[in-house]
Every structure is written in C-alpha cells, then in structure tokens.
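When the chains are written out, they are named A, B and C in that same order, and each has its own residue count from 1.
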Amino acid sequence: MIEIRDVSKSYGATPVLKGCSTTVAKGEVVVVCGPSGSGKSTLIKCVNGLEPFQQGRIVVDGVSVGDPATNLPRLRARVGMVFQHFELFPHMSVRRNLALAQVQVLGRSAEEADARGLKLLDRVGLAAHADKHPAQLSGGQQQRVAIARALAMDPVCMLFDEPTSALDPEMIGEVLDVMVELAREGMTMMVVTHEMGFARQVAQRILFMDQGEIVEDSPAGDFFAAPKSQRAQLFLSRILHH
Amino acid sequence: MDYHWNWGIFLEQVKAGEETYLHWLVTGLGWTLAVSLAAWLLALLLGITVGTLRTVPHKGLAVLGATWVELFRNIPLLVQMFLWFFVVPELLPPDWGLWVKQDMLAKEFVTAALCLGLFTSARVAEQVRAGVGSLARGQRDAALALGLTLPQAYRHVILPQALRIVIPPLTSEFMNVFKNSSIAFAIGVMELTFQARQMQEDSEQGIETYLAVTLLYFICAFAANRGMAWIEARSRVPGLIAKPG
Amino acid sequence: MGEFDFSVWGPSLPFIRDGLLFSLRLTLIAMTGGIVIGTLLALARLSPFKPLSLAAGAYVDTMRSIPLVLVILWFFLVIPFLTGKPVGAETSAIITFTAFEAAFYCEIMRSGIQSVPRGQVWAAQALGLTPAQAMLNVVLPQALRNMLPVLLTQSIVLFQDTSLVYAIGAKDLLKAADVVGKNYNRPVEMIVLSALIYFAICFSLSLAVRQLQKRVAIVR
C-alpha cells in the first residue's frame, strides 16, 4: 500500500531524512517512534506530499508521490491524515468541517456529504456536537472530529502524526480507543506516536527513527522483547520508565 | 486680534450666488463620502488580491507584489494625486489622453478615487499578507491533506480565517481613507477640505467653518469605525475569544 | 503620448535643493520635537492622575481622527490669533507638524513603555530608585530602543506628509517643483522629478530601517 524507497531530504545543508526505506502492506498497522527531531513527522508528511523530498521514491496505492505529473490533491483525497494539533477549521461548524472536502474534492452533493459526515461523527461518539464550532469542543473531542473528517473521504489508508501528544492526559484514552477500533477493522495505518501501549496492542511493526534514519524496522513483538540497537533500547527505557 | 463670532453664517448666502454656505458643506460631505467609499471598494478588491498573491510560493508574483507595495508606500499621496492627474494622461496614447483631459466625466473624482484606492490597496495588501502569515502552517497542510487544491485551500480555509484576523487593522485603514480623501482638494475635487478653504475665504468666518468641517470628519471616522465593528461582530466565530489589541 | 522635455531638470536643481532642505529641516524639527512631546504625552496618558491622562488622551485622539490638511489649515488660521501677529507659512508648518506628529509618537512611545516588563520597574525600585528615576534610567531607554524602528518608520511617513504644506504655500520640495514647473511651463516633468526624489529617499530609508529591525531583533 505504501512503499518508501531510499528517501532523503535536507533543508539546505541540514539533512533531515537519510535513505529511509520501508513498506506498509494493506491492512497493516505500523507505528513510527523515536526521539523528537528524529525526522518521523517529516517522513509521514512525505507520504502524502506535504513535505517535498529530494531523493528516493514513495509509492502510495500505485501512485508515485514525487512524480511532478502526479495529481497530488487526488492522491491526498484517498490518504487520510490526522495532525498533532487537530487542525480543524475554526471558522466552520463541525458539520461543515466534515462536508467541505467531500463536496469540493469528491464532488458529493451537500446532502450526501452531510449524511456521511453525521454517520462518522456518530461512530466517534460526537453526533450531538455536529452544529458546534471546534473551539467549543475539548481537545479529545476535536481530535475525534478530525479522525471522522479524514474517514469521511473513504481513505485507503490513514496517517497519524502524533495524534495524542497535544492532549491532556485524561483525553488520550478516548482518541486511542477510536484508533484501536479502526485498526481492528483492518484499516491500513501509519502512526507516529509515543504511546507504546497502543503500539503493543495493535501494531504489527515498529519503525524506530533517530537522526533522520530508520534505525530499526521490526515486528512489534520482537521490538518490545529485545530492541536490536542500543539507541532503541535507551529510548524505550526512557519512555517506559516515565 | 479680535474675532467676530457669527454662528448664523451657515445659513447665509455665499457672496456670488444663491446658495447658502450650508449647501457648500453638504456638497463637500457628499464628495468626501463618494471618493472615500469608491476608493475603499477598490482598495479592498486589489489589496486582498495582491496581499494573497504575496503569500503564494511563486517568485514572480512575490516580486510583483513587493514592487506594488513599495511604489505606493514611498511616494507622498499628494504627489501621487498629481502623478495620476497631470502625468498619466500624458503617457496614454494621444487620443485617449485627449479624451481624459477634455471629455471624461467627473475626471477629478475618478482620478482621486483611483489614486486613493491604489494607495490604500498597498496598505490593505500588507495587512492581508500579515494575516495569512499569522495562520499556523498546519491549517494549510490539513486542507491540502484532505485533497483540496491550493486555490481551494485559500478559498475555503485560509482566506476566511485571515480576513477575520485583519478586520481590526482594516478598521483603522478605513478611517484613514476618509482622512486621506481630504488630499483630493489639490486636484479640484469639491470635497469637505476644498469647501472649507473656499468658505473660509468667502465668509471670513474661519473658526466656525473649520469647526463644522472637523465635526463632519469626526462623524465620518465614527461611522466607519462602527460599520467595521458591526462586520466584526457579524463574522465572529463561536467559541473563539477575540485576541486582545 | 505627450512630448516630454527633461532638460528642465538641470536649471531646476538649485530651487529643488532649497525646497528639499526645507522639507528635511521641517521633518527633523518635527521629529525631534514630536518625539520629546510625544513621550511626555505618553507619560501623561499612563499617569494615574485621571484628569491628566484624560486630557492627554483627548488631545491624541483628536489629532489622530482629523485629516492632517485640516490641522494645517487650523493652525495657520489660529496661530496669528494666539500670537497677535501673522506668521509665515514655514513657521506655521513647523509648529503644526511638531504638534500633530507628537500625537502619533505618543502612541508609539506608550506601547514601547508598556512593552518593558513590570519586573524591570520592580528591580529598579528594589535598588532604591524613585519611580521617576526608574522611568528615566530603566524604562524609557528600553522603550526607545524597542520602538526605534517604528519611530523611524513614522518619521518616513512624516517626511512624506510634509508635502501637504502645499495647502498653505510653504516652500518645500513639492512647492519648489511646482513653481519651477510653472515658470518653465514644464509641470509634468517637474512632478515626475519630485516623485523620483521622494521615492529615492523614502525607499532607501525604509530599507535601512528594515536592516536595523533585523539587527535589533537579533540582539534582543
């Protein structure tokens, strides 16, 4: 579903990604972790072309992301993305947040988009809040709306960029619950997160990144039982004993 | 020096005509409003366009936008009025220039509104650019990640937010337009300042004249302020607290 | 397209120079006086003594809400009544611009003073400085420094605004260009020349201010 081959990227002389390669199969859940500044958010933003990269190749569902001829909006419409800071559109009601891209990008009718949006809103447990504006919701509620907004586009896979790290601790659970359920339904997911509990529960594979490199790419069980690299060991011990 | 107050002067007839001084002032107010509102409309249209283009990642557009802003910002408005009124017609093809100089209707008004509109558009453009710049990059990313094209992202996500942010600074620009319209007197638009000078010379009651005109400018500024406050209240987003200042 | 004859620029230069010198002199005097009076007005506006802060506020708000041309006309009319004798357009212009710009500098200095953290005042007072000493030695120098780019930008606007003395016939750069243009019957060429001079001066000054702004930003 997602194929990343030798992707490198730099800002001027500063390298941020160095020869990253991996694949995410259909229905697979891959968690990307690593210390801050390791390039994991940059890598996941390369997957839907929000960050350009200078070398290598990324193919998503048969479409090459870096190819100048690629219709990026069309590709992005099929790849859902959830951001650290939710990025709901604050000037629109929840209902319109969900409908906007369905109407503008997929060409659905307003009624159709609204019905689809409400269905997904109900699924994340927020149907009662359809007519509120984002600023009237809690952080956890906003992130659940953001997930519903991405799902409303019927994506073939989902990217999560630290979806819980801007949340108060008591709201993390409600967002993770939605993500676990999504994983169990067979959604292909690439998730940048520090939530190791979530990773243990649903991830098939773990990518560990440090200084722009994918240091480790192992099945989840192996990673937690015995991380191969010292850097990953250190990272795990810090994060688990916190 | 002694000053002879005469508050009844407004109802007296002007020296060389049937009309009263009050009539002059009302005409002046009309032209002030006409020049200011026409210029403001032009400034909003052009300013929002130029300001938006300056935020798009495109070298040529950026240079064009910067030139636009620097040109209008670094020449005094009065000199710009003279440039549009005296110089630009000379640069046109001869028959156009002749038409502008001889046949164009309300030539002073059109020139003043055009000049003030362009001048103000550069200032509006800077505010709009700053407004777009103050939005977090995440909003643009989120819009693009949903598959919106860049123009769609601007239309539905970026501009609606940026324009709300710039309403307070645009309020003071709108009030500036009324003040700046006074410079149109120099090319013969019969607006308030023109009438003030004319009435002061004709009636020799300068203080009463200037007081009345000052009051009228106050009212314009106040109305502009209230108008923008109304728009701001109408466009408020539920749950978002207005940022102070 | 009309016939242009830019040969008029040569003989016009002595007149243009005199006009430009007056414009610059007017700018510098109004800037210096305006910043001093503006700072005093800012202190008055921030004063806990209500009548003083209200009076300063009323003065500043009035100046800021009427057109400069009208203020120029007002002062030209009123100054002779106050002094008892007619004054020249040049003197009137200098008084007007100082008084008018003070209102704008006041608002800049006020936000500058407010930008200095309260902790600075507490620290100064903890060292035994009186409030006046703290203001003069600790707060104002920092306020002036923080606001320097804004004060200079306002002064570029002031330089452009001096062209409005046209309304009372003071002999500044624009008036000089106007007079030469009429004498040689080349008004169009002279307007172009004055626009070029204004642009060259204002544009290079604003570039310089931008450089300064970058440096101040780094030091802070």
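Going forward, a residue touches a chain if its C-beta (ideal position, glycine included) is under 8 Å from a C-beta of that chain, and two chains touch if they have at least 3 such contacts.
Nothing here was measured: the structure is a model prediction, and the numbers come from that model.
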More contacts between chains, A-B or B-C: B-C
Chain nearest the overall C-alpha centroid of the shown protein atoms: B
From chain B, the most remote chain by mean C-alpha position: A
Centre distance in Å when chain A and chain C are each reduced to the mean of their C-alpha atoms: 55
Centroid spacing, where centroids are CA-atom means, of chain B and chain C in whole angstrom: 22
Separation of mean Cα positions, chain B and chain A [Å, integer]: 47
Chain A residues within the chain B interface of the complex: 45, 48, 50, 72-81, 83-85, 87-91, 100-101, 104-106, 132-136, 149-150, 153
In the complex with chain B, residue positions of chain C that touch it: 1-2, 4, 65-70, 73-74, 77-78, 80-81, 84, 156, 160-161, 163-164, 166-167, 174, 187-188, 191-192, 194-195, 198-199, 202-203, 206
Touching residues (chain side chain B, partner chain A) in the complex: 136, 138-139, 141-149, 152, 156-157, 160-161, 164, 237-240
Contact set on chain B toward chain C in their complex: 1, 3, 70-71, 73-80, 82-83, 86-87, 89-94, 97, 175, 178-183, 185-186, 193, 196-197, 200, 206-207, 210, 213-214, 217-218, 221
